[in-house]
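In the two assemblies presented below, chain A is common to both, partnered first by chain B and then by chain C.
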Partner chain A sequence: MYPTAFHLVRYGFLNAVADFKATYTWRSWSFGWLGRMLAQVLFFTGLGRVLDQPGAVRYLALGNALMTCVVDTMAVVATTSGERRAGTLSLLVASPADLMWVFAGRSLHWPLSGFATASAALFGLGPLFGVTWSAAQVAPVLLLIALTALGTYCVGLFLAVLVLNAPRLRNVVSNCAYLAMMAFCGVQVPVEFWPRGVGAAVQAVPLTHTLRALRAVSDGRPAAEVFGPVGAAVLTAGCWLLAAGVTLRWLVAVPARRAGTLDLSY
Partner chain B sequence: MSLFLAALRLQLRLAPRSPGTLQVWATAPLFTAVFLSIAEHAHRTDLASFSVVAPTLMGQWALTLGIAGEIIAEERNQGTLEAVIATPGRFSVVVVARILAVSLLGVTTMAEAWLVAGLGFGRWIDVPHPVVLAAALLANAAAMAGTASILSSLFVLMPSARIVQNTLTYPLYLLSGVLVPLSALPAWAGAVGRAVFLSWSADLLRAALDGPAVPRPVTRIAVVALLGLSGYLIGALLLSRVLRRVRRLGTLTHT
Partner chain C sequence: MVSTEEYGTARRGASERPADPAAADAIVVEDVGRTFAVRRGRAAGEVTALSGVSLRVARGEVHGLLGPNGAGKTTLCRILTTTLEPTTGSARVLGLDVTRQSRAVRRSIGLVFGGDRGLYGRLSARENLWFWCAMYGLRRSALRARTELLLDRVGLLDRADARVDTFSRGMKQRLHLARGLVGDPRVLILDEPTMGMDPVAALDFRALVAELRAEGRTVLLTTHDMAEAAAVCDRVSLIDRGRLLMTEDTDAVGRLLSGYERVVAHGVSAGLARRVGALTGVVAVRHEADRLEAETERPSATARVLGVLAAAGVHQVSTARPDLAEVYLHLVGRRGMGVT
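So, the complex of A and B:
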């Protein structure tokens, strides 16, 4: 009997945990990675201090704090293509198990790390810039961070599948993707600042919706202004995951299997 | 000098094809768009020069850090490290010349940022002090190479150079006023930032694009060059010690 999707994700996740432990110790994550990400929030928020625009600092702090989990999560592109470098991609493609579920679990350490990073940024740094939270807001904020991380993970999986055959581009693609999100999804300036076409395109990105919901929670706006964007974020995340699965199966795995072009190294 | 030029030429040939260079060229316009959108949204058109200088320095530093971490690791992987070390040429000269090549290549990101400001946002930024700008860019590229050579030798001993490379980006940008001048930071942070060449470079580049006059340009460029030279000397000393150590332990080719 073949393993179920749940088992495949679980096995992938065990790999993810091992990978994370091989990359970081608790000390190098806390003082190295987390410190770097908090500095990134301070860096972008710092521009708000010289703008002399009411609310700018708070706006930038909130957006950039949530953005940290996107940066972390987009590492899924690099680790997924790492299977090719490790020489395991051909074996995975040849196995009868659904490769998509393997990949879905394989890099789950990044959204988890992103969740921790963004939580530290929002609750630790946020108050320094006027982003304060009541006890009742903590749970919705944590849920929105988790949704951002998982939604971005789905986007990242799609991009990872696209670069499977061009692993040299893995960092270029992931960096450009998160910077484009940082520029256009409402992190630094409202989406309405950009031309209408850009505003329409970013509606496909889960971050655009989760960030809108987070700002609504932060401002204490009605629940409808939170649930609407949450629904859109879940829907778009699902679409990205589906697109990743379809692309992997029909545009990467099947053609590569037929043509014998999945090298054991790159 | 011929060794220096040969290493410089080699790296100039290799660098344009590397994914790291491609990444910096691809991300510089996006960084510019991020910074400019913040300034434009706040109607602070006077901050346009910030949005050109910051992506330039960030792109250059990212490239420089990348190559500093890779030079020795790549020589090891290719099995050429022993041969390079065995030659009578000074290895620290090879390292700093190769880093300088990449750092100079990073200057192209300023042209990208300038074009994004003009084409994307309609802000064609004047260059009122082209000579100061050119001299500051050159001095900054040299200082980056000198400073990064310190890291190059440390990366030989460190198992996780990638984490160190990542860590040395935003904290450094923040402390050295790459985007926002040091005067906007707390006094203690400003004092620390003054010891970093990047803070002098950032101020100079902004002044060369902004102000009616650049005060004390020669002194300020000399400070950038001196800080870079100190970096190179420390790097050369560290490299010779590290090489002596790995030779003694027989771990020169160990990864």
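So, the complex of A and C:
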């Protein structure tokens, strides 16, 4: 019997959770990782006070709080690349499992961690900057955080596949992607601030749309202004996942087998 | 989502086809060659890792692939495990083509390699095996039962919940073997499995290989350890510089060069040693102090050497057949384990 996609994601995820538990305790995650991310939100949002522009603080608080989950999800690039360093990549390739689903499951703890981080930032730090939520807004906000985490995770998976054969680039690529999203997707300044070409390009990034939807929820705008961006985020996330799968098969796995770059590492 | 595993010219259905139970040989390698593109500065070139290798491994056989570092052993393993395509020729495992039916091949084989890597060090042995069982399609109770069975089999049940990065080399290797068995493969490829093991652990490992043979599994074992090959293999193939030099029964390899019988004598003068060296059929003579070691290429030459020694009054004489190590050195030359 061949493993199904669900089965691979499930056990990949269980493996990831065990790995995560071995890396973090609740204390080290809360006071180490979460503390660092909240400090980042405080720093960038604090800059908004210096700007002395109405709405700047609120704008930065929403953007930077949601952005925290992207830092987590971009870790999929390093985790996937780690399979090669651990010597498990060739064993996975030599198994009957579909590598794409294995990768999708093996780093699924990062969007979960990102979800928790961004939730803490939005609901914990938000009120300090005048971002408050009614009871009716909590569920949509949580769903938007989850969508952001999963959407950017799909972007991260694509990047992870790209650097599978160039593991030295893993941190460069994930950091550049993270910084680019932070700069261009409406986190610090509106997308319209940038040239039109950049504005068009970032429409391919789920974060751009989920952030727009989050601001709409926060402002209490009509549901249509939320559902439109949500649909775009789901669509772009799906496209990134598909691109990751196609790239892994045709641009990475097949050439690697032909070129002999999938070592049985010792 | 498309499978990342399938490619090549085969129809999709062909790649899903199960292993052929009627295939006479478990592994068939026909005229396989593999070259790698290399770049030295601005110049591009090619390195030949395998050239015209043909090999058949019968079902239930433990077959040793012997050769020095860089001989091409691991390249052949990579081809058989579908992680590398051959440049020329073809290879089949249980009747399945490794290029066109790669997914089915992967379902039928187990791969074990030596060293510390290839395990999730932060996870426990049990968690590692759960994961790998899932990769081979096992679920729930079957997955858990198989994990416990394998942990018990390799003697790790007591340490099942300990982190793997706290394990000794021997324990990791046993876990590697358990991992290689999660899919209950009929063909196991063991690539330098005892590399870095202490002698006791290596002996334990050989016992496990013997058990695998008793279960009727086919094992292809690569090693450069002659003692290991002699101890566990039914047949061995000697490979060097990407070429298969010979394939024989482990004992027959020794007999092959039994013509190269060795005569050892004590109390031999330098002059007598020169006379022995001049005899027809004597291919090598070493003389140190009064000890003579003469290698002959056929039994009649051995008889001549013994006759000359007896006539000269030398009575401390013995003859011996070369062991596998000597055969190996004869065939690959005295380069030792140096990389070519």
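Convention: the second predicted complex is superposed on the first by the 263 of 266 C-alpha atoms of A that agree within 3 Å, B and C clash if a C-alpha of one lies under 4 Å from a C-alpha of the other, contacts with A are read in each partner's own complex, and residues count from 1 in each chain.
Convention: contacts are C-beta pairs under 8 Å (C-beta built on N, C-alpha and C of every residue); 3 or more make two chains touch, one makes a residue touch a chain.
Everything numeric in this text was worked out from a predicted model, so none of it was measured.
J.: Taking the superposition on A as described, I'd like to know which of chain B and chain C A:A86 touches: first, second, both or neither.
T.: A:A86: touches chain C, not chain B.
J.: Contact-wise, after the overlay, does A:N175 reach chain B, chain C, both or neither (first, second, both, neither)?
T.: The answer is first: A:N175 touches chain B but not chain C.
J.: Of the two partner chains, chain B (first) and chain C (second), which one does A:L8 touch, if any: first, second, both, or neither?
T.: second
J.: First (chain B), second (chain C), both or neither: which does A:V102 touch?
T.: So A:V102 only meets chain C here.
J.: In the superposed arrangement, which partner chain does A:Q188 touch: chain B (first), chain C (second), both, or neither?
T.: A:Q188 sits against chain B, while chain C stays out of touch.
J.: In the overlay, answer first, second, both or neither for which of chain B and chain C A:A56 touches.
T.: first
J.: After superposition on the shared chain, which partner residues are touched by A:N165: those of chain B (first), chain C (second), both, or neither?
T.: neither
J.: Is A:T210 touching anything from chain B or chain C once the two structures are fitted on A? First, second, both or neither.
T.: After superposition on chain A, A:T210 lies in contact with neither partner.
J.: Per the definitions at the top, what is the overlap between the chain A residues touching chain B and those touching chain C?
T.: In the superposed arrangement, which is not itself an observed complex, chain A uses residues 23 for both chain B and chain C.
J.: Using the touch definition from the top, list the residues of chain C that touch chain A in their complex.
T.: The touching residues are 1-5, 7, 16, 34, 36-37, 74-75, 77-78, 81-85, 103, 106-107, 109, 111, 113-115, 117-124, 127, 130-132, 134-139, 163, 179, 183, 191-192, 195.
J.: Could you list, by residue number, the parts of chain A that touch chain B in their complex?
T.: Answer in residue numbers: 23-24, 28, 32-33, 35-37, 39-40, 42-44, 46-53, 56, 60, 168-169, 171-172, 175-176, 179-180, 182-183, 188-190, 193-194.
J.: Which bits of chain A are touching chain C when the two form their complex?
T.: Contacts found on chain A: 1-3, 5, 7-8, 10-12, 14-15, 18-19, 22-23, 86-88, 90-102, 241-242, 245-246, 248-249, 253-254, 257-260, 262, 264-266.
J.: List the residues on chain B that touch chain A in their complex, please.
T.: It comes out as residues 19-20, 22-23, 26-27, 30-31, 33-35, 37-42, 44, 47, 50, 160, 163-164, 166-167, 169-171, 173-174, 179-181, 184-185.
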